[in-house]
Amino acid sequence: MVKVGIINVTGYAGVELARLLRRHPEAELVSVTGRSEAGKKLGDVFPHLAQLGLTIEPEVAGSLDIVFSALPQVASAEAVAPLVRGGVKVVDISADFRLKDPQVYETWYKSVHPAPDLLEESVYGLTELNREEVAAASLVANPGCYPTGALLALAPLVQKGLVEHDVIIDSKSGVSGGGRELRRENHYSEVNENVQAYGLDGHRHLPEITQELARMTPQEDGFRVTFVPHLVPMTRGIFTTCYAWPVAGAFSEGKKGQQELAELYREFYKGEPFVKVASAPAQTKQTWGSNDCIVHPVLDRLTGRLVLTSCIDNLVKGAAGQAIQNMNLMFDLPETAGLDYPAIFP
Amino acid sequence: MVKVGIINVTGYAGVELARLLRRHPEAELVSVTGRSEAGKKLGDVFPHLAQLGLTIEPEVAGSLDIVFSALPQVASAEAVAPLVRGGVKVVDISADFRLKDPQVYETWYKSVHPAPDLLEESVYGLTELNREEVAAASLVANPGCYPTGALLALAPLVQKGLVEHDVIIDSKSGVSGGGRELRRENHYSEVNENVQAYGLDGHRHLPEITQELARMTPQEDGFRVTFVPHLVPMTRGIFTTCYAWPVAGAFSEGKKGQQELAELYREFYKGEPFVKVASAPAQTKQTWGSNDCIVHPVLDRLTGRLVLTSCIDNLVKGAAGQAIQNMNLMFDLPETAGLDYPAIFP
Amino acid sequence: MVKVGIINVTGYAGVELARLLRRHPEAELVSVTGRSEAGKKLGDVFPHLAQLGLTIEPEVAGSLDIVFSALPQVASAEAVAPLVRGGVKVVDISADFRLKDPQVYETWYKSVHPAPDLLEESVYGLTELNREEVAAASLVANPGCYPTGALLALAPLVQKGLVEHDVIIDSKSGVSGGGRELRRENHYSEVNENVQAYGLDGHRHLPEITQELARMTPQEDGFRVTFVPHLVPMTRGIFTTCYAWPVAGAFSEGKKGQQELAELYREFYKGEPFVKVASAPAQTKQTWGSNDCIVHPVLDRLTGRLVLTSCIDNLVKGAAGQAIQNMNLMFDLPETAGLDYPAIFP
Amino acid sequence: MVKVGIINVTGYAGVELARLLRRHPEAELVSVTGRSEAGKKLGDVFPHLAQLGLTIEPEVAGSLDIVFSALPQVASAEAVAPLVRGGVKVVDISADFRLKDPQVYETWYKSVHPAPDLLEESVYGLTELNREEVAAASLVANPGCYPTGALLALAPLVQKGLVEHDVIIDSKSGVSGGGRELRRENHYSEVNENVQAYGLDGHRHLPEITQELARMTPQEDGFRVTFVPHLVPMTRGIFTTCYAWPVAGAFSEGKKGQQELAELYREFYKGEPFVKVASAPAQTKQTWGSNDCIVHPVLDRLTGRLVLTSCIDNLVKGAAGQAIQNMNLMFDLPETAGLDYPAIFP
């Protein structure tokens, strides 16, 4: 059994990790921390996790094979750097090891990177796209929820060089993506019956998306990306709608082009246990509680534009589920171990 | 492997059965029916169940050990009676075999019972209260969602004879309890931002509750029950609040009485895998997606009245989960097989 | 024009007062305060109120005829006492002047009352029941949202002496009733898809309800009341379900009794502009955004018990709307001035 | 007083018209129809409208100055054509008179237009953009909810020729936009906790948007438009996000360009009672229940792309409110009569 620790189990990514690990056949959760709740039984804070029989500690303790950090950025790098250097494998759910360039990190996170020496060895853990590097990694930077949805929707076209490098990403996220901290933006009465855009002057997930799109191309060519996240009144789920032009001649006109596009996606994601290519428009509810990502690519029949949509549960494939998927690879376990559940409907 | 069929997989109880059976370690779902969708692939109707690889059939087929019926009343008894008579075990999720007296059935369901000869052998499948009968049964009448929540909240007091036989049950249910059929009462725009009482002239779950409360007492003494269900804007969950008077001298006054009450419940449900006695007020969300029932009994410190609350997920412990729990007993499987998942939070 | 000030316009009761006053034909809002937002334009904090052209001030200022206080308890009494003594009329939306006995206040609010000398002259502003006193008052204690719904549901029976003095009040409230402060209990992700009971060891609105029920009886006879509030996932609305026994012989049996009960209520609320007696079960949505209270009394046909339900919008009839209704009486304006809007549906 | 009739008051646009007319100072609702509910009192179907004292009739009757039709397409044209020909003014909320070309109508609505002779005289009732024509019209085609949000977001740029004729419109709508008919897509349990795109093969509001964008340009130049509507779990509101490129040199770079853009919008909508240009990101909740449209234009600082967002209440500015705004112009009433209410918050 892989011995697992979670730093900051009291946030939504942390508590979701604990839920999923509770049923993992080859991993055992042995130590959890949580800043404000240290000393309490996990089951007193989260009754549904009482059966884990754990107490929230001030620091992860014991002999651990892997630690997940669900701390906010900066604090996360500070907490995991000593672990990585001490030989413990780490999946960092924060943003700290996603951006390869510490200058870009500083620009977007307004903080000097706490451990720039670890950036080179860290692997961007979008599992389907970086499977081999993840398997060999000691430090995985778990992707952001928005980038996960956007990159999986765009990857087949980008890797094949079939899309212009100018992309619009319009994302719609449930409220849990904003975390468990109390803010006006997650007060029920202010979010319910409300849709709003935010981050219109630049959201922190943008440089992450741009970096990874470039990495998918042969010469790491740049992309011009406009990314607009929206907050919608639901707890879980991200619906991503990407707009882009195909390169000239990439697809036939009309229905035939649509078939070629669908075939490209089906081929690209063939055999993937979690990424499904839908032939009908997808819904976030079809991924609720599961590690699935449903992708539905469309060639707009009237304009020839590409409309690439995807659905994920932001706390599973967008955070805790993908983190466990990465752990499975890092320990040579079946990739679906502990994750092979259908979505909950309705 | 137990071979399983589901009649009417396309309703909410049916689709939830399929989801849970998909992960059951000792049962295999081999045949599903659905009236209006016969001929379609299950995965085309419910994408999250595509991996089951099933096609919706007009009739359950093949060599089946057990059939779950999720049909509406009357139709359900008609469909399962031949199966029962033919030696197939049945768990009926409809109301058809819950009421022992066919006259009472006729009064409340406005229909002559289609198979009154089977009423005697049928077992009321509130698992925790009828474990042995369920284990030996060929035909289990799976309880209604409201009765499940109410009876588990009241059982310890009723069985011990500590409560007056005059009970108020005020229930708050999510919308999925009303099923998947299209009705004005489940149109999003009419249910959202709305709470309403219904069934004020008598809800069909009332005689079921009254019958089972009486069965818990030595001489099957009657109960006077007022039951008022309310519809609240959420998909899953039932919160039940029961009000009753303790019999004279049942509990001490003040905090000591509260401790005695809590102790009574803890003792009663000791060792139960799914019924938990909470020491803090429970929330339906703590049972979301799981087969748990959380009970929280209170002795009102100012009046001495009993306030007995419970939470369930109406589609799991209130329907599909309890049905599988019953199946496990009927086939001598571990009672938690396929059901041992924590709730999903948030 | 009546010149109006609002203390603490930035809470939900305060902002709702401002919205309603914006359209009041005979009152003008001239000064608003808000602790943390002083100095800002009201329209910058609440864009929908930009047209009022007001700036949030540290203290109410100018020549004011009436001040509404939407501060929390204790702070409210401290703020309005000097105003009352200085001859400004006050409607206090906090709990500070509702309980007549300062000892009871201290027991429930854990604070010495800041202005006990004003308790005697304060009038409990449940408008329909205390119309004359309100009209003559200088200081009105605006009722709590839960007491408003419960007392209007019970008043006809209590005033006529037709009900036993033992009452259960089971209330279901939207989240805005808990105010605008950030607390775990109003985080969207924790409240959505969730129902919970709270205040099981005694909610502060209980002594208010008990006091007012007693005041409705000839000798101010006491009532035994169990009050259990529940939080449901919606922004606005309170559904109240009261359970009680009629006194012997109060009503005929069966349908005739139901007709007598309905007739009693219709007669009692005859001519009331805001209290409507429904012949079908009511829904909170039918009062959304309006000052209406819909009452629906039922004589349970199977037990003879009374089930008395009511619906209000907690921020209108349960707070700001009733406050303006009281103001109208205090200034001899038409009682419906500024309040005569139908609910918003859907 | 203007005498008003509503055809099909029982749909959401119809019932919202009735609500707003109930408080209109210079119009009186005298006749309402509703196919399935004819013969019932309006107050029995919609309790909040009981005070109107109307009965639902099979046909509009009496001496009427104007009729609003809230019927579905085809049926609406059939019902209002005789009225128009008979000299009664009509505002048609259906799509029947929006598309000027009956061939385009037939292509998108799969029906021969029932009254093509009236198309020429009909006026597209997006009030702010066609004020004079509306004032002189006998037949107004009230715009669709999506086109209203999109066209108001784009108009300043299009009319000034500052935007390339290639536009993406990504809209997020509440469920009431889909009407009151019962469909799987508005079952609470299937819509709640869910976001989905639809109409990916072409939504009927697309040709309406394209037609009106072209009409705003000097030579009615065509636009290439991709329009993707999304359904989000709320009752009311549409958030529209439009993406486009400015023409070369239209705006300065960086913050200065943003200021120029904002100034362009403020100037364009100067004096408009209902269209507000926000300097911070807008939220649909800020328009809930009101006739407001809040527009927030952004020049993406990293790409120079235009991101043009707007918020409306789909049932008010997107349907009934704009219809009344048009009526006001047609009868030379103040444009804000009966509509001058702030949004309801929270």
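Think of it as A, B, C and D in the order they're written, each chain with its own count starting at 1.
One rule holds in what follows: a residue touches a chain if its C-beta (ideal position, glycine included) is under 8 Å from a C-beta of that chain, and two chains touch if they have at least 3 such contacts.
Values in this document were obtained by computation on a predicted structure and should not be read as measured data.
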**OP:** Could you tell me the least number of steps, going only between chains that touch, from chain A to chain C?
**Re:** 1
Original post:
From the centre of chain B, which chain's CA centre is farthest?
Top reply: D
**OP:** Go through B-D and A-D and name the pair with more C-beta contacts between its chains.
**Re:** A-D
**OP:** Let me have the rounded angstrom distance from the C-alpha centre of chain A over to the C-alpha centre of chain D, please.
**Re:** 38
**OP:** Round to the nearest whole Å and give the separation of the Cα centres of chain B and chain D.
**Re:** 46
Subject >> Touching two or more other chains - residue numbers and ranges from chain A >> reply: 12, 174, 176, 180, 189, 192-193, 233-236, 282, 346
Original post:
Mind pulling up the chain B residues that touch chain C in the complex?
Top reply: 168, 170, 172, 174, 189-190, 192-198, 200-202, 206, 224-226, 228, 230, 232-237, 239, 241, 243, 281-285, 288, 296, 298, 300-303, 305, 307, 309, 311, 346
Original post:
Within the complex, which stretch of chain B touches chain D?
Top reply: 12, 174-176, 180, 182-184, 186-189, 191-193, 233-235
**OP:** Would you pull the chain B residues touching chain A in the complex into a rising list?
**Re:** 12, 15, 19, 22-23, 46-51, 176, 180, 193, 235-236, 276, 278, 282, 286-287, 289-290, 292, 294, 340-346
